[in-house]
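Quick one: structure below, then a few questions.
As written, the chain order gives the labels A, B, C and D, with residue 1 at the start of each chain.
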Amino acid sequence: MVVLLLLLIPLIGACFLFLYKGDHRFVAAAALRLSIVSLLVMGASLFYWNTPEMLSFTAPWLTTLGSSLSLRMDGLGTILSLLTTTAYFILFWYLKGRTIERPAAFFAWLLLAQVGMLGVFLAMDSLLFYFFWELALIPMYFLASQWGGARRIPVTFKFFIYTFLGSVFMLIGILYLQSKTADHSFAIESIRRIRLTNEQQSWLFWLFFIAFAIKLPVFPFHTWQPDTYEESPTPVTSILSAVMVKMGILGLLRWLLPLFPIASYMWGDVVMSLAVAGIVYASFLAMQQVDLKRLIAYSSIAHIGLIAAGAFALNQMAYQGLLIQLFTHGINILGMWVLADIIERKTGTRSLDSLGGIAQHSPTLTIFFVIIALANIALPLTNAFVGEFLLFNGILATPSNYYWVFAVVGGLGIIFAAVYTLRMIRAIFYGQPSATSPAPISLATHEVGALVVIVGLILFFGIYPQPLIDMTAAFSKELFDQTDITSLFRKS
Amino acid sequence: MPINYYLFLAIALFSIGVVGVLTRRNAIIIFMCIELMLNAVNLLLVAFSKMHYNQAAAAAIPIANPGIDGQLFVFFIMVVAAAEVSVGLAIIVMLYRNIHSVDINFLNRLKH
Amino acid sequence: MNALLVSAILGVLLMLSSVFIKNRSYIHALALAGLATLFALNLAELNGWLLFEIDVKGMLRFDRYALVMNAIMLASLFFYLLLSGNAMEKVGPHYADYLALLFFICAGLFMVTGYASLLILFLGIEVISIPLYILTGSDKRNLKSNEAALKYFLLGSFSTGLLLLGIAFFYGARGNFTATVSVDPTVVGSSLQLAGLLLLLFAMSFKVSVAPFHFWTPDVYDGAPTVFTSFMATIVKVALFAAFVRLFEDTFSLQFSIWQPWVAGFVVITLLIGNLTAVFQQSVKRMLAYSSIAQAGFMLLAVYAINGDSKEGLLLYAASYSLATIGIFAVLTYMQDYAFEGFNGLAKKQPLVAASLAIFFLSLAGIPLTGGFLAKLFMIKAALAYQLWLAIVAVIMAVISVFYYFRVIQAMYFRDNTQSISPEFPKAFSILLLITALIVVLLGILPEAILGLLYF
Amino acid sequence: MQSSFQLAFLIPLLPLIGFLINGLGRNWLSKQWSGLIGAGTILGSFLISLFIFQAVKAGQGEVISYFDFIRMEGLRIPFAFQIDALSSLFLLIITGIGFLIHVYSISYMHEESSTSFARYFSYLNLFVFSMLLLVLGSNYVVLFIGWEGVGLCSYLLIGFWIKNQQYTKAANKAFIMNRIGDLAFLLAIFWLIIKTGSASFQEVFDFIQANQGTSKFSVTDITIVTLLLFIGATGKSAQLPLYTWLPDAMAGPTPVSALIHAATMVTAGIYMIARSNIIYSLAPLTLSIISWIGLATAFLAATIALRQYDIKKVLAYSTVSQLGFMFLALGSGAYIAAVFHVLTHAFFKALLFLGSGSVIHAMGGEQDIRKMGGLSGKLKITYATFLIGCLAIAGLPPLSGFFSKDAILLSAFLHQPLQYGIALFTAFLTAFYMFRLLFLTFHGSFRGTPEQQAHLHESPALMTIPLVILAILSVAGGWIGIPAVLLQDADWLGNFLAPVLGSTTHEVSHATEWLLMSLSVGGVLLTIGFAWFLFRHYRATESRGILRFFENKWYVDQLYDRVIVQPIFYLGRILKEWVEPRIIDALVNGVGKTVQLAGRQIRFLQSGQIGSYVLLMVMAMVVVLLVQFFIRK
């Protein structure tokens, strides 16, 4: 039941806002309230962890095709829903009192996207999964294209068509699997029961992987991402990179790895190489960027590369770290975007060349930025540390001959991350105040509030990450049992 | 007389019609060639109907007047052809009113 | 059976009505009422209640599938009349006659969906085509309309010739015109049979505008008055597809292995030509003409794959595709020109119309939560049962279709109106349009609403 | 839990609290308050450390676990402190010296605005906190947390004067170079976790001792782990090849340099290796590598220090050199000697830096010794203490430096005579450049500007008292480790650390020991004399040949810039300018463009001519019919 509520609240809110015509601040406040409500519902669902029937919902739907409206909140769903609701709450609080053109439509689209993403996180039926997958894409496309920058139309169209192309391949894969199931159903349980030959697994793997790789994005498929992040309005960008990216990772963890473990192992080296190459590549580009948003965009490509590598490390420690990272990366990158938005709005520029010396007169902003930036490079006692620690640990334990190459090359990312992050801090905050920021940058209460929430999460989970681990331990165990190569080969 | 003769004749007529459609530029003549194609079909149908009648008679299959439906079909084709002629000529006339020509090569406003 | 006869009678009635009734809105109402009765009668027949008891000597066969198809077509036609009734008035003075022709065509449609003998198929096709020639040329002063009419007429009757030759060969091989499976092995393999099969394939491909027999489509759709283009492109095409599927699934099911590769080839060519050519069009109307070719390519998959999925899929496709296209054309009739720029900034001025249009285009592009998606899903599923590569080609082409469908969405939502004049839509129209759009969405969410009819 | 250990958690907590108060309240606290809080918290943890040290001396020691930092299937990393001889000793060093530096800073930084004053002390407290965490941690992860913490604090403090982009650049350099080491350290930790399934010192060591050489933990594993850990240490403790950040770290305020060089940060590497001595004892290869690297560093840094003119730079290189000595000791297996030297070095290096700070303070910010000279008259206390510091670092008996350095030299001698020779020479170099510094600064005639001369004055008590205390320690600090040859069983330190580091009982005749000692002492005395002869009166000399090479620090910075930094950024530019837009993205866009182009071309099939339409159709039909009837048959 709770899961259904999680979907219904934003859905109803979206429908209402689409039809609503009225003043700005009511819209923003309504959106904020909605986000609080869904956050509360999410909190409630955390208490129901031991009553599965509360956390799952099934209703007949498209029965003639063999699909059904089945939602369930497992460990993965929990942590991702938690991220989604939290991120939306923080974002909407931050956006409180912002004057946006046609705010009702803006928030309505955002809420609709929330429905889609939560649906992706909770769907236990492959066709339903695909439905929500696209449902999340459309609102983002409209948001980015309507409220975006100058080059928005071509850029976002590229983003849309690229991801859509990926998803249709996945659709073919889904249909093929459904045709192979005994009871001709799209349900994940019946798909799991199929005995696929290695050769089938191997091409199905690619059908699915391309979709997820484009969404993530993994190294050669990433070119839509910096442009889109740059051209989208920053609140939308933050949702894109904080939450939407996680759809791809969920795809890997819930669909790709458990369904095609052998193929994941066979192609593991290829994917790992792409991922770690992506880490270094993106870091190099991040070092070169002058535009703040592009810099953050590339840095997030690097992070995603690490996460993708962890997914194919095929061992429990990596999974565990990855699952934690899902949440922490979302929060941190959201913080980065919020700060980028503040800086851009208050100084009117995003270029590192024309920024500078902000620390002189606005220490508060500086402190927030430094903390979040350092969390972004996974300094100990920030939330990202534990996740990356376990991730790297797992990558070093990859069942592959090149495990140490992956670990070392991926590890270079740690160093490069420090390089471009410190470069960014130095360029924006240190030195003499530049022409763009002569006056102190004052933060409104709700802005400070949002940032405090982020920093609080960073420090709390940095010092005591155990709750996140407990939340996902069961899932990582299950996932590992499904993808444990040694036992698989013993079976076959 | 074996059926193949009729068959070849009909196909020849039909092909002549097709070639006519391909080569001529005057709408009316093209239309006449199409009529030729239809009549080739009529001929063929009649021939087949006769053939089936003979086969049935030879095999002494007790059907009421076998092969008759082929000839019926021919009449339908004639009727339909007549209807087409009326509409088609009307269209051609209408066109002639507007561009004072029935040369199809002038019909290229709609392309690409 | 009910609908067939009654529609013919209604046609006659409407033709005479222009003599007695001068007020066009009455005629319009009469037509709508007639459609309603047709729909009711069709449903009645679906429940086994027949108006007339006529022995058709096995030349007609109105099974459940045919009747459901008729129901869908009638419903679409109903929305068509509602949405583009007054646009029809603009075409010319003979309003009642257009309606009468529409009803005659209806009779032809029912013959085509319900034929059991090739004779009826032929008659049905002609009953559809001849009035369509007239409607195409109905805008007499417009040279484009004339040209379209002549092209349609010449090429159409040419393809009729092919059809007839095919039927003749068929008759020669089988000795009758009954469109049922022939079990006689000597017949199945005979070259007469083969030639007939292929000629029928060509002719039907021409009628449903499948490449490489599609050439008439863009010109005719472009030249004909937009209202009638909308009718041709949707309801007529759907009915002919029903006939196409029936011909090859019933009559030629034993020659399956012979014709399936050819159909596959036609699918690929059609998808390629339709989608690629549509990408670079400047006029929305012509773009839609090409897109209808592309959609035909998808529907052809129903012919390609002989299984339940494809037939269900065709029903869904018929409904969603017809409604969406009718809606778009209806909006198009309000545009002063058909350039993409005409849609700039429509979302700000006419949010309802823009939203409905967006839904229509999303459905045509096959985005989930719209009927178009499920329809395509069925088709791809059907193709996947035989050939993976065909399915992959199909989805890639679906992605390409996004290129041109989304140009309109971009124009409506993301660009600002540069020219001052913007089309005005009556309130009722936009509401109706929204209802149509909602039905399209409903088809995507609860397709059982349609498919259920097959199974209750 | 031992009653005396119940307060252990306060040791790091107090500085943390100080950090929070000073950091959050920086806008409201007056300078006195923030100074008081900053120093007071450290004093508090120093006292507690004393208690604990007493308890440990009484033979107690244990691991106190607070909560589970990471607990998952197959891995449990508690947030736990380990209290034993080693950690308690370091606690004393850190808190004790840290406290003195805090006190010193109160007066040294008095010119700062109250806000940045509080900021400064909050950073200092955080620094001490991280270092304490590092030392107290009972497993490699907690150690690493502190490890990164000191890296961060050094970054914050080196770049304390954020207006100056040169300084912030130095800060970035320090942080990034540390990160390079950290990566190796992390990999070592991962390796240990994967192999042994734990990160706690005790469990890891037990496991390795149990399974060394077996497939569970092969010799290669040992070598890899030890090497990786050592690379980590080179980053923090400024050894070759990662030492270049330390001299640049002079950008920070002088007390910070003292803190970094004496009490915290650089000793972390030594601590970590000493802590892991059990593994290292199993890796002879690594040990010899360490000893050679340490020796090389010591020598290189000493040579560079010969020709430096910035008073702090000289000291910085001397630190690097001394650290090299410590690593030499570690490499020769003399862990106790290394720790001993850490202790004494902490005393006199803190003394020297604070002294130099006092000098700089008196000179109004001038750091170039060429512009100094003859300060002994004005800055009496500073001079006296500085002199003691120099004597101590030069290693003259009975000052502290003598004993520790002697221990190191002895171990080197036993381990590898060649190394002993080089080390001895380096020790002479040390004495030489230190006294060069002393003479140039305090002797001869004043070479600064008149107003500087007018400004000259002895520093206030808050600065001099710490100097005096440290001077006393530098003198007496060594007496806890007197070798047996001089005084029977007076090697208290050795016995104290033996449980952790193992006792070093080396068989060497007293005669040899006497010989070695006299050799080093004599040599040092000679060098000092030579230095006196050379630098009693300063003569500006253009350095030539090898000396110029030294003056330019062996061009190492330039080398790194050319070989590493520039290529990386050049490659980055290539990727940005070429690969990204012209290859990867071009491919993606190419697909779309192809579609557009194809559309444009295929349109022309639709010629508009009925004839061509029919022709195409007929051709298609003919092809199909032919294929069907003549090929597919």
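In the analysis below, a residue touches a chain if its C-beta (ideal position, glycine included) is under 8 Å from a C-beta of that chain, and two chains touch if they have at least 3 such contacts.
It should be emphasised that the depicted structure is a prediction, and the values quoted were computed from it without experimental measurement.
Chain pair with the larger contact count among A-C and B-C is B-C, by C-beta pairs in contact. Between the CA-based centres of chain A and chain C the separation comes to 43 Å, rounded to the whole angstrom.
Averaged C-alpha coordinates put the centre of chain B at 27 Å from the centre of chain C. Centre-to-centre separation between chain C and chain D, using Cα means, comes to 79 Å. Per-chain Cα centroids separate chain A from chain D by 37 Å.
Annotation for chain C: residues 151, 154, 158, 218-219, 403 touch two or more other chains. In chain B, the residues that touch at least two other chains are 21, 30, 104, 107, 109-111. For chain A, the set of residues touching two or more other chains reads 161. Those chain pairs judged to touch are A-C, A-D, B-C, B-D, C-D. Put simply, chain B touches chain D in their complex at residues 18, 21-22, 25, 30, 104-105, 107-112. Contact residues on chain D toward chain B in their complex (touch as defined above): 603-604, 606-611, 614-615, 618.
Residue ranges on chain D touching chain C, taken from their complex, read 592, 595-596, 598-600, 602-603, 605-606, 608, 610, 613-614, 616-617, 620-621, 624-625, 628-629, 632. Only residues 312, 362, 367-369, 374, 377, 380-381, 384-385, 388, 391-392, 395-396, 398-399, 402-403, 406, 410, 413-415, 447-448, 451 of chain C touch chain A when the two sit together in their complex. Of all the residues in chain D, the ones that touch chain A in their complex are 67-75, 115, 141, 144-145, 148-149, 152, 155, 159, 162-165, 168-169, 171-172, 175-176, 179-180, 182-183, 186-187, 190-191, 193-194, 568-569, 571-573, 575-576, 580, 584-585, 588-589, 592.
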